[in-house]
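Have a look at the structure below before the remarks.
A, B, C, D and E label the chains in the order they appear, each numbered from 1.
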């Protein structure tokens, strides 16, 4: 995952007039799915739409409508949506270009929110991120995602089964619930990071290898990536609280403030993770070099013990005519004993110096 | 201790409606203990409660009541509490989820405060942290802790024995006293960190090992963890001072400001500790590599001295027919003398160069 | 590219009175090119000018005029421009000295904007930067560039072919479009950085060399350079939004805010890139030292295995008269077997210890 | 010095009611010294007091009185002082606990200031810090120090000999003079740090050893310690300037602002020292490793030259029956010449490669 | 240069009453030079003064007077100046103590400005810094420098030859021109840093040595030093702009803002230089260790190839009675061939593994 965000095909958009809708994410061919949830405290309808034509029929009436579009690569749908809902062209452009910075913009008649969703794909063993664009109107909310499958299944379930008070509330509470689901998933990602870190710390104390460092680097990379999404998210929630848009009711503010606390909590954890990974690199570098040093030390000590011994054998391998020791009957055993004593004393000396 | 806070089972809470009370801490089976202290300057009553039913009876009257609940894993108790005291569902949710960021929220009728308690468990040789949730009402304070045993024994003693002016004051002063006890324990933790650091510095100058680094890393980890709790704590105290809640009397403000000073003092010390641990890592890395280098140097010097000597023995071990030196009577002693001179001069050379 | 900005010939300007027009960029001899686009929603005229004399004729009238000057080394042209358009001498000085910090200055009658353009020259395989000075007046915009060739070709095409709404808007929208084109190119540069980083990460896992580090260092250098231009750019756009110059229409503000978001996005990416390159240096240093260690380890192990064997051969190369082993028929094969066993057991021992 | 501040016996104070006077510094047995200077522009009286009883007699009258208490371990004195001067219990507590953060508190009737004094004890070759608590009242100033001996001798001399205008001014000017003396000593400490650093830089270029690093670490430690006292000091002075206490006269403000400039100057120098020590660690680590590398290189080169030579001697030490070279009369000298040539060419090769 | 600022003789000033004029710079014996430029748009007079007596005669009248004093070691001159011009004693003290932080102070009747001048002394190959104190009055400016020779020669030339508009303007414009000349020299110093850095980068890629690191360290040191002077300089200029002193005319503000931009530009460059030097240290450390590793590798490989060969020679140097190989006619050549094959295969193996 971690390289995206840096190498998107920006060149695609260069030089086009502002408001031109260009999809900058990965290319996708599949059909875009449009699902509609229309509910109030009495009833709930779920339907699918083929196109966004006449989607403005949900704008009036007493129900709350949640239109979810899975895919932003079909620019026609976004255009239609803009036309029927009278959305500013720059907003449409932002929806299609999937590397927006999280932000909120208040257009009086509607509020535009962009955030990043993170989730962990167990099968691929990696984290994925997706852009979520939300349009909050008086009676309906429209959400755009890049892919099918999202973090809102449990939220939908709550709406369907009328759990909690969501069916009694308006679109602003639905916006809160959507953002809450997104941030809840940040905690899941943090949990995953925490587990990864515990594994790495175990690796560090047990058997660190280059792979360990690559994993730390990759974790750092992911942390930097999530961090980039989280800091502006805090601002998004804060702006929603302070802005006093007429679309937000005062009773929802308490919930928004709770969301704000959560976003700070995510930031705190991300920053702490960052500090700890930095410290882990130090531990890693030191472990590796310690391990290496241990090996080299032992090997060097072996050499050091044998080198004087080999010198002695060389001494008595010389061919001088007159070497009295060579004639002695006890010459050979004496040399052997000397060598044993020498090697033992060297061994003891090294022990005493705590070199072994 | 140090991994918690990152790998809590967040998944438990994902997707639930806001205000759902879910315990996110470690699982516990034991019964929750509810103790009540009810006092004014004349009298004091201490009782235990089985449930939170009708706990609102303490709300009116002239006495000050401190209800302490040891355990937040029994969601029934928290629910009851919410029902009888009319507390906002989000507050109840925050009480049960034990990884809140320290914060303060003013609900007019009551003030909700979350802080972290730290204490050192001598028996396990490690630091523990616990979440403390406080509800300040006009005539009573309710505190929720995760475990039995806390940092308030001496405070209770002061209330019982009517030491200081606490029995003459209201709940706001009790809130101050509780927070003061919490922050006092931060200093104890800092003291512990200080001692650990002194030990580590001694280790560093004496005999650094991989274990030393693991200890520094662990200390860093703990510091990061405490730091995460302390910075928001300062904001908590500051908000209590600035907010001018009607539940806080002006005379208590002087005490709160003292608390604020203490919290900054904790932060200052934590930051200084952080800087010093970073510096210690450098010293460690350098000590280790110095020690290693010393060993390698000595060993290499030994080899270097013997290698030329061995060469000489090799020279006269050659089997050439015509090697005049071999025939000399003084050949052998001459070579021995040469070798002694050679090794002594190499030794002196190395000394002069300060390599030994 | 990366050294420029530090070693410009500042000495040239030292001591001259303020408002003296001195070109501080690289020396150029070629003729300065002045192109004029004059348009409204009905018609468009494109002409070339030889001098700036009487350029003030474009100031009145209903058309929008974009005068682009390719080259700031001909001080005569800048002087003329100042004279006929009544521009403050300090502005003229800033246009000519090509190491300005991005900034905006409001002179009531006109607004002066300086930004940096970055583009990647495929042929030279390096990034180039150029200073762009913009004067916004009621009916015309004058832009000064250092070199021919720029990032505005597609913008000109849009004006010529009347794409989007640009022909219907005034000079403030043209200013927005110019800045938008500049910032779009920042993303292209980021994309390039991203690709370079991917290459480097691949290098790191495959076969890191000193060259890899030089590349990382050079990338860091470029990032620092772009960063220096981007942070003030954000302020520039922000000032344009907040200043409420009478030359800027309210409807353009929405577009400017979009630009502001983009500039923050660039900053976010630059900062993330910075963090990642720092982490890459650590990985690099560790990889290099690992690789080296691996080699040294293998070589040392080879030596360590042979040293005791050589000692044994030395042993039986001694010339003692009485060495019973030497007389044995099976002496030699026994020694050979011992040596084989010894080397195999050392090999197995090293394996077991995971040293190989 | 450098560990204090972290491992003070905080446990002593834990759980006591606020306002309890507990001495947290080192234990001291000696008698507390109370000296009084009472002066106006006409006359000056110096006396010693045994107790603080009736110290309030100095509060009225036209003279300025400076009561200095050398020692805060005698809680009785502080209690008396509090009683007769009607000082808030929290202030008394702060005076006795000697690890306060520098701060200023305005109690209308008096101003409470805490700062840290630093001085270098030549005899013990280390820096000491002491807490100085100051109570500013309309007609008298009371100062509490931990130990006898301080940085105010020259100030007292000035008062005695009526140098400068101090005898003509009120207590606010005396407060300024006291703080000025304290800050002047900070510069002396900085000077000492500067000298230490020069010594260290010399060490680094000459002969770096582990001791050098320990010294750098210790210097860093001291810098962190002083830094912790200096940053809040700036706030203290700033608060005194902004607060407009009725005890401070406008003419003194000019002097206070000068003090403020000095405190920033101290901070600037401390931060610069910090940066330079960090850079010194890098230089140190590199010098050490360079020195080591140089030694290892020379030793390895010696081995490398001798190993092939030893191989050659081994070659002609073999006992093959048919080795024609051995029979040659010029065999031995030829081999000697070959070996000389070989070693010289290796030496030259290493030189050419700049390995030596 | 770089140690000054830390080890000045602060002790000299300790304990003296505020406003005492003490010279804290290097001791100087030479006579102080006082030059006067008195001009308006019609005429210009240049004279020299022996003392500052009656220097207040320049205060009235329509001309602009610039009195420059080269040397602050003669306290008599500063005292006289204070007396005749009625300057606050603290200002006089600041002029004499040459380690002031850059600052501006508005005394209604006059403005006091302190800045640092930097210039490169080609002859000594090092940077020098000097304190410049400026007193701005309605009709005259008085500047104090530490040494003769300054950065204002070209400014004086401009006044003499009536270049630009300086002769038509008042003292506030002269103040601007002086500060402009000072900041222009900062750019020259930056240019010098840039050149040094280019040299160092070349060194790094070519042949890094300990000297290279010492140079980087020294560059860092200088950068820290200049940085300490530049950040407050920005505040100085900013204060001059915001303060709206009656001595500053509105038309000069545009020029001051230009100065402000320049000071930020200097800061930007200084910060970028800082980042790059940090990165250079990493490259240096890595290059050095790479180079070392390369050497060690080659040497180790040589040893590794010869050690097995030497073992073989040892083998056939053994004196066993029954070693059939020794009796063979082709024994010796066979062994030689085996050894050649062995060494070639090892060489090829190392090549294949890319160890050579």
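One rule holds for everything that comes next: a contact is a pair of C-beta atoms (placed from the backbone, for glycine too) under 8 Å apart; a residue touches a chain by one contact, two chains touch by 3 or more.
Everything numeric here is computed off the predicted structure, so don't read it as measured data.
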Checklist entry - Where the contacts of chain A and chain D overlap, which chains show up? => result B
Checklist outcome for this item: Overlap of the chain B and chain C neighbour lists contains A
Checklist entry - What angle of turn lays chain A on top of chain C when you fit their CA atoms, given in steps of 5 degrees? => result 70
Item to check | Centre distance in Å when chain B and chain E are each reduced to the mean of their C-alpha atoms | outcome: 42
Next on the checklist: Taking the mean of the CA coordinates per chain, how far is chain C from chain E in Å?
Outcome noted: 26
Item to check | Per-residue multi-chain contacts in chain B, two or more chains | outcome: 285, 289, 296, 300, 303, 307, 310, 314, 317-319, 323
Next on the checklist: Which chains make up the ring, listed in order from chain A with chain C immediately after it?
Outcome noted: A, C, E, D, B
Checklist entry - In their complex, what parts of chain C are in touch with chain A? => result 153-155, 157-158, 163-166, 176-177, 180-181, 184-185, 187-188, 190-191, 193-195, 197-198, 201, 205, 254-255, 257-258, 261, 264-265, 268-269, 272-273, 275-276, 279-280, 282-283, 285-287, 289-290, 293, 296-297, 300-301, 303-304, 307-308, 310-311, 314-315, 317-323, 353-355
Checklist entry - Touching chain A in the complex: which residues of chain B? => result 3, 5-11, 13-20, 88, 90, 94, 99-101, 103, 105, 207, 210, 213-214, 217, 220-221, 224-225, 227-228, 232, 281, 284-285, 288-289, 292, 295-296, 299-300, 302-303, 306-307, 309-310, 313-314, 316-319, 323, 325-329, 331-332, 335
